[in-house]
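Before anything else, here is the set of structures, which you'll find just below.
Shared between the two complexes below is subunit A, which has subunit B as its partner in the first and subunit C in the second.
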Partner chain A sequence: MIKLVRRRLAVAVPVLFATSIGMFLLGAASPMDPAMQYAGATAFTTDPANLAQIRANWGVDDPLPVQYARWLGNLFQGDLGWSTSRHEPVGAVIAARAGWTLLLIGVTLAVVLAGSLLLGTIAAYRRGGLFDRGIRAAAYAVESMPVFWLALAAIAVFALALGWFPAGGLTDVTATSTTFGDVAHHLVLPVAVLTVSQAPWFLLFVRDSVADSLRDDHVLAARARGLRGRTVLFGHALRTALLPFLTLVGTHLPELVGGSVLVETVFSLPGLGAVSVQAALGSDFPLLAAITLITTAVVLLANLCTDLAYTAADPRVRIDG
Partner chain B sequence: MADRTLLRAAQLTLVAALGATLLVPVIWPLDQSAVDLAHVGLSPSPGHPGGTDDLGRDVLHRSIYGLRVSVLVGIVAALAASLLGGIVGGLAGLLGGWTDRVLMRLIDTLAALPHLLLGIFIVAMLRPSLGAVILSIGLTHWLSTARIVRSELLSLRTRPFIDAAIAGGASRRRVLTRHLLPHVLPKIALATTLMIPHAVWHETSLSFLGLGLPPHLASLGNMINDGQRSLLTGSWWASIVPGLLIIVVTLAIAALATRWRDRLDPRARAELDL
Partner chain C sequence: MLRRTLPLTLALLTAVSLTACSNPDAGTASSSTKPLVVATAGEPDTLNPILGYGTDGASLIFDGLVARDAQNTLIPALAAELPVVNGTTVTAELRGGVTFHDGTALTADDVVFTYRSVMDPEVDSLLRSDLDMLDKVEATDASTVVFTLKYAYAPFLQRLVLGIVPAKALTGQDINKAAFNRQPVGTGPYQVTAWTPGDKLQLTANDTWWGGKPATSAVVVAFVADDNVRAQRTRAGEFDAVELAPKLATPFPGFGVHKVPTADYRGVMLPMKNPVTGDLAVRKALNVAADRSAMVTGVLAGAGEPAYGPVPPTSEYAEPSVAGTGSADTAAAGKLLDDAGWTAGADGIRAKNGQRATFTLMYPATDSLRKELALAVTADAKKAGIEIKPEGLTWDAITPRMRSDALIMGFGNPYDPDFVSYKLFRSDFAEQGYYNPGSYHSAVVDQALQDGRSRPDNRKDAYTTFQKQLAADVPWIFLTYLQHTYVVRDGVNGVSPRVEAHEHGVENSIWWNLHTWTRA
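Coming up: the complex of A and B.
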């Protein structure tokens, strides 16, 4: 177990460093001048000496390795820098928004897992039947729909035509405080859209692996002992199919993060994804770089955790190489 | 039976889409900057099958142009990604040993990175442009090709005809170009084809966020983004029609690629059909 962690970290940490170097170099190659961005519209009336002072204070003109070391050093000390597009500390922006993104991704993941396990198992049990064929066709169709398009279509139907749910935002415009019911009502569409767009992949996987394990010897033996169909299906076949599913959740996290960026933007949710798009539009290096690096680190860590859970759950597994 | 109909439909769709995107500048040229304020927000009708947007522009016409741009960008980006993936996968598969182990572990880790976020970062720092979008796709989509090339090379290396060629005194170069490449290239071609929809998706996502192609250019992502404004006033077609084009073409490519894969490897299909 410790060996596995060490081996994973031996790659993940250098990759994370390489990513940070690549991002830093891209930021340095960017034609944006941070001092001008900081000054904003007042840059045209500000005394050039003041701008030069800001540049000197920030060390914008220092050699690149010096700048990189300072940036990384500050990150490690918890100083994420100053957002040039939002004019507030990067740490504050992230702290205020990370929760909403985690909520969106967490609820979606829970619904996706529960739904795809249930529907995939039923489809596998009656494979070749009407339900199986219908749900597979639907899965393939949904898989080809861009998530932002799905979100707009959902808004057109459920928010504008039917008026069941709000078209965007996290709380009612007239609301003075954040209440649970209000937020839940606003999150139904975003979570549903993200779920529908992520589910096909999981669903098809569960369906195929349960269908495979239904042919396994121990499942046939359980059948032969006269156990009920449902017991065999959920107690024997699904349990064998569950293990690979665990690592799959880890490998699919990047897709979920990408989907949440798009969904948050369409539904104007105050999460990390939407704010990173705003940062990108404003070429805000400190904010965008911090969000990208932190998200990358979290996703890598989550991957490691699912792998650990996998080895813990199945002692036969030795992830080698 | 039903499969055959589906396949034929996919072929026809792709031929129609390809024909339309290739011929539309000749038959029905589009002035990218033209607006027609007398025909704003018309719903779909025989005159405008896709309706018009909030600037009076024909949605279907611009969608076909958008598909043209998206598919061209998708093909170039998929080729760039495949080239990068082919080189890395080739190195891993041919050199083997430590190089292979390190490269594969690297690829596993890179696959775990949130690629849309990294793509956004690349485009944001280089400023949104055609080159930045292609670079952003190429740098984030090469992993699958690298894996395919590597595993194909590893399985080829143990095959008797390679041993026979080496025993017969063939040079390394000859083995590579005459015996290995002809087997690997079809797989790379298939991987590249399958990557085109992903590349189109990445491009439309970036354009949709305002981080892709220049906003006046009719691209599918830009159009869906523009259509958001009309959506709230009830003109759903301005966003929905360009999206339908992406979906239909993606489905058609997926159907054909599945068929192609079955042809390349009939055994895989036999196993799946059990």
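Coming up: the complex of A and C.
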């Protein structure tokens, strides 16, 4: 297993390297001018020479290899660069925001996994029943709703009409410090919305997968031996169904990240979502590169974890390390 | 820490969700110390005036040498009196006894440092474009600053609203990257406690402010970029004052709506090098065919007024004779075109000497307001027999085509007619970036704009001449002035809207005088 981890890390380095070069080429192909973005509406009353001076200060008109070498050199010294759209070091932008995005995604993922496994298995056990039909109909309905629409609807019902939860923000707008309870209260709606929007896909998969394995020979055999229904369902049928599910979680992670960008925007959460959009619109290469590299690293890590979990769940699987 | 306690978080989320509705105010302070909360989409990139925060003053955190009152009239601030202009020399005497938030005294060196930093090419400041008349700035003693101009510039005092920073806090640092930009120290009525980017700015009163102790001791500026989300959070009662889009700014219980006039106009720039828009009869016909009143009600939801020139009707320099009635006169447009030899073809579109009356009108695709205005102009022009092809593009695609294709543009600030118009309509700025992209050329306008800035005794006449000539040549079709719409909680006293510029956010919004607001 250690061999596997070591080999994956060896592959990760060239992947990250290639990603960063790809980012640079895309950035160069973008027609957007970072100085124009920096100026905002002021650009229209600014002397073109003034804008050229700022571009020169930033070195964004230098040849591409020069810019890349400079960026890479700084990276090896632990300097991620200066964000031209946020006006602060890239490291500081990410440090201040990545935690909130990870919290949102982490909690959501936990709720999605637990909820879809439980509900999907129950639906499969009583397939064709009222619960099964109801939950499938609901899942298909939610699947077709855009996440920002769900978010606005949730705000309208739970924040405005019922007043149970705040409509947005990370803490109470008048709070002077960040407390656990305050943040938790503010995260209920975003997590719920992101969960509801992501869960149907997982839930339907678990339901079909468990329903299939309930017809497998080893499950029928377990039943025939007179084992308890719950033991058969969770111990035998679910465990078989779990294997393809684990693969799916790894590949589905980017979609969860995408959904979190929208949820962060609607609930005005200071995560990485809003700054990513701003960085892309403003040709803020240093920030975009850092976010892309982190995302790539997270996906590689998720794939590794999936593989490791696979070997743990199924003793027959031996990854050729 | 939060990430390591996911299971606990889940449990608490559930627990909190069950108890949340019982008492929403529990734990917050009593109402007398409750902060005033204002909300805006316009989060600043920096809080350093040198880099562009609060360049038009009213920045809550900083003071300039001068400030503007409710009528946008200049009044002394850090200067004891309005500075004295003597040809190209401007002398400012500082107010005595002013201190920065950190307790250090304000001196002339701080003023000199602020302006010299703006002029420094190493500093990424866009204000240099506004100060191109400034030659040098010097302190002649601890409380006297002398500005020397390259040429006589009548509205120079307007440029002295820029916030003054303490030299000590920034000397020897890279101003572009200084920590000061996020934790600034000023002399203004409020000082920064914390800034959570993307979320909010927390301010506390500067009780020793030279202008008097602020009425409210704590202020929060919430940053909510999305219009709909801001509207929903307003309805949930989170904010005391908030800017909303006109269609969302409807009255609801406990809140009232303020429509604030601006000097921010939208219009169609008509390039002289285009064979159709280069024809004066076509430009005049388009001008009278535009139904500005319909645009105000239809596109702006009533939050605006018809525009006929670049000097807003609220300005003392506005020339009333150039204004029209607001409604379209298609018959007059038809007659103008008939007389000039543009005759209607089989499809209703006119032509002259084989040239069809058709041109492209560009607009930035992401700006829905400009898009709707472009479509309205297109529909009005069609009635007069002129075909417009509206085209939504990015600025990068628009810029190289501005010389020959019409464009929906917008500018405007209420402070002085020289500020935008000098570069927008003078022929020597033709095709320089966004200045005069249509190559408008009029010797009368060139002279009037020059007189307006160099002959302080006769500015009113100069700008009257300018506006009349513009109305005769129609290089632009001015469509509407916008209004900014705010929703303010009932019982908030001291709200005194003033004419606003295009740029507004933390600074220069309806809460420009926030330090005098009180709550019943």
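The definition used in the following text is that the second predicted complex is superposed on the first by the 256 of 321 C-alpha atoms of A that agree within 3 Å, B and C clash if a C-alpha of one lies under 4 Å from a C-alpha of the other, contacts with A are read in each partner's own complex, and residues count from 1 in each chain.
Please note the rule applied: contacts are C-beta pairs under 8 Å (C-beta built on N, C-alpha and C of every residue); 3 or more make two chains touch, one makes a residue touch a chain.
Quick caveat, the model's predicted, so the values are computed rather than measured.
Chemist: After the superposition on A, what does A:262 contact: first (subunit B), second (subunit C), both or neither?
Modeler: A:262: touches subunit B, not subunit C.
Chemist: With the two structures laid over each other on chain A, which partner does A:12 touch: subunit B (first), subunit C (second), both, or neither?
Modeler: In the superposition, A:12 contacts subunit B only.
Chemist: Could you tell me if A:140 is touching subunit B, subunit C, both of them or neither one (first, second, both, neither)?
Modeler: first
Chemist: According to the contact criterion defined above, which of subunit B and subunit C contacts more residues of subunit A?
Modeler: Per-residue touch count on subunit A favours C.
Chemist: Looking at the overlay, what does A:205 touch: subunit B (first), subunit C (second), both, or neither?
Modeler: neither
Chemist: In the overlaid three-chain picture, which partner chain does A:156 touch, first (subunit B) or second (subunit C), both, or neither?
Modeler: both
Chemist: After superposition on the shared chain, which partner residues are touched by A:234: those of subunit B (first), subunit C (second), both, or neither?
Modeler: A:234 sits against neither subunit B nor subunit C.
Chemist: With both complexes overlaid on chain A, does A:131 touch subunit B (first), subunit C (second), both or neither?
Modeler: neither
Chemist: Determine, under the contact definition given at the top, whether A:187 touches first (subunit B), second (subunit C), both, or neither.
Modeler: A:187: touches subunit C, not subunit B.
Chemist: Please work out whether A:102 is in contact with subunit B alone, subunit C alone, both, or neither, and reply first, second, both or neither.
Modeler: A:102: touches subunit C, not subunit B.
Chemist: Could you tell me which stretches of subunit A are touched by subunit B in one complex and by subunit C in the other?
Modeler: On subunit A, the residues that contact subunit B in one structure and subunit C in the other are 31, 152, 155-156, 160, 167, 265-266.
Chemist: So in the complex, the part of subunit C that touches subunit A is made up of which residues?
Modeler: 2-3, 6-7, 9-10, 12-13, 16-17, 20-21, 24, 28-29, 34-35, 37, 39, 45-46, 51-52, 121-122, 124, 126, 128-130, 132, 176-177, 181-182, 193-194, 196-200, 202, 220, 222-226, 228-229, 232-233, 235-236, 238-239, 394-397, 409, 411, 419-420, 423, 432-434, 502-503
Chemist: Touching residues of subunit A toward subunit C in the complex: what are they?
Modeler: 31-33, 36, 38-39, 41-48, 50-51, 53-54, 57-58, 82, 85-89, 93, 96-97, 99, 102-103, 106-107, 110-111, 152, 155-156, 159-160, 162-174, 176, 180-181, 183-185, 187-188, 191, 265-271, 274-275
Chemist: Any idea which subunit A residues touch subunit B in the complex?
Modeler: Residues of subunit A touching subunit B: 11-12, 15, 19, 23, 26-27, 29-31, 140-141, 144-146, 148-149, 152-153, 155-156, 160, 167, 250-251, 253-254, 257-258, 261-262, 265-266, 276-277, 279-281, 283, 285, 288-289, 291-292, 295-296, 299-300, 303, 321.
Chemist: Give every residue of subunit B touching subunit A within the complex, in rising order.
Modeler: 101, 104-106, 108-118, 120-127, 197, 201, 204-205, 208-211, 224, 227-228, 231-232, 234, 236, 239-240, 243, 246-247, 250-251, 254
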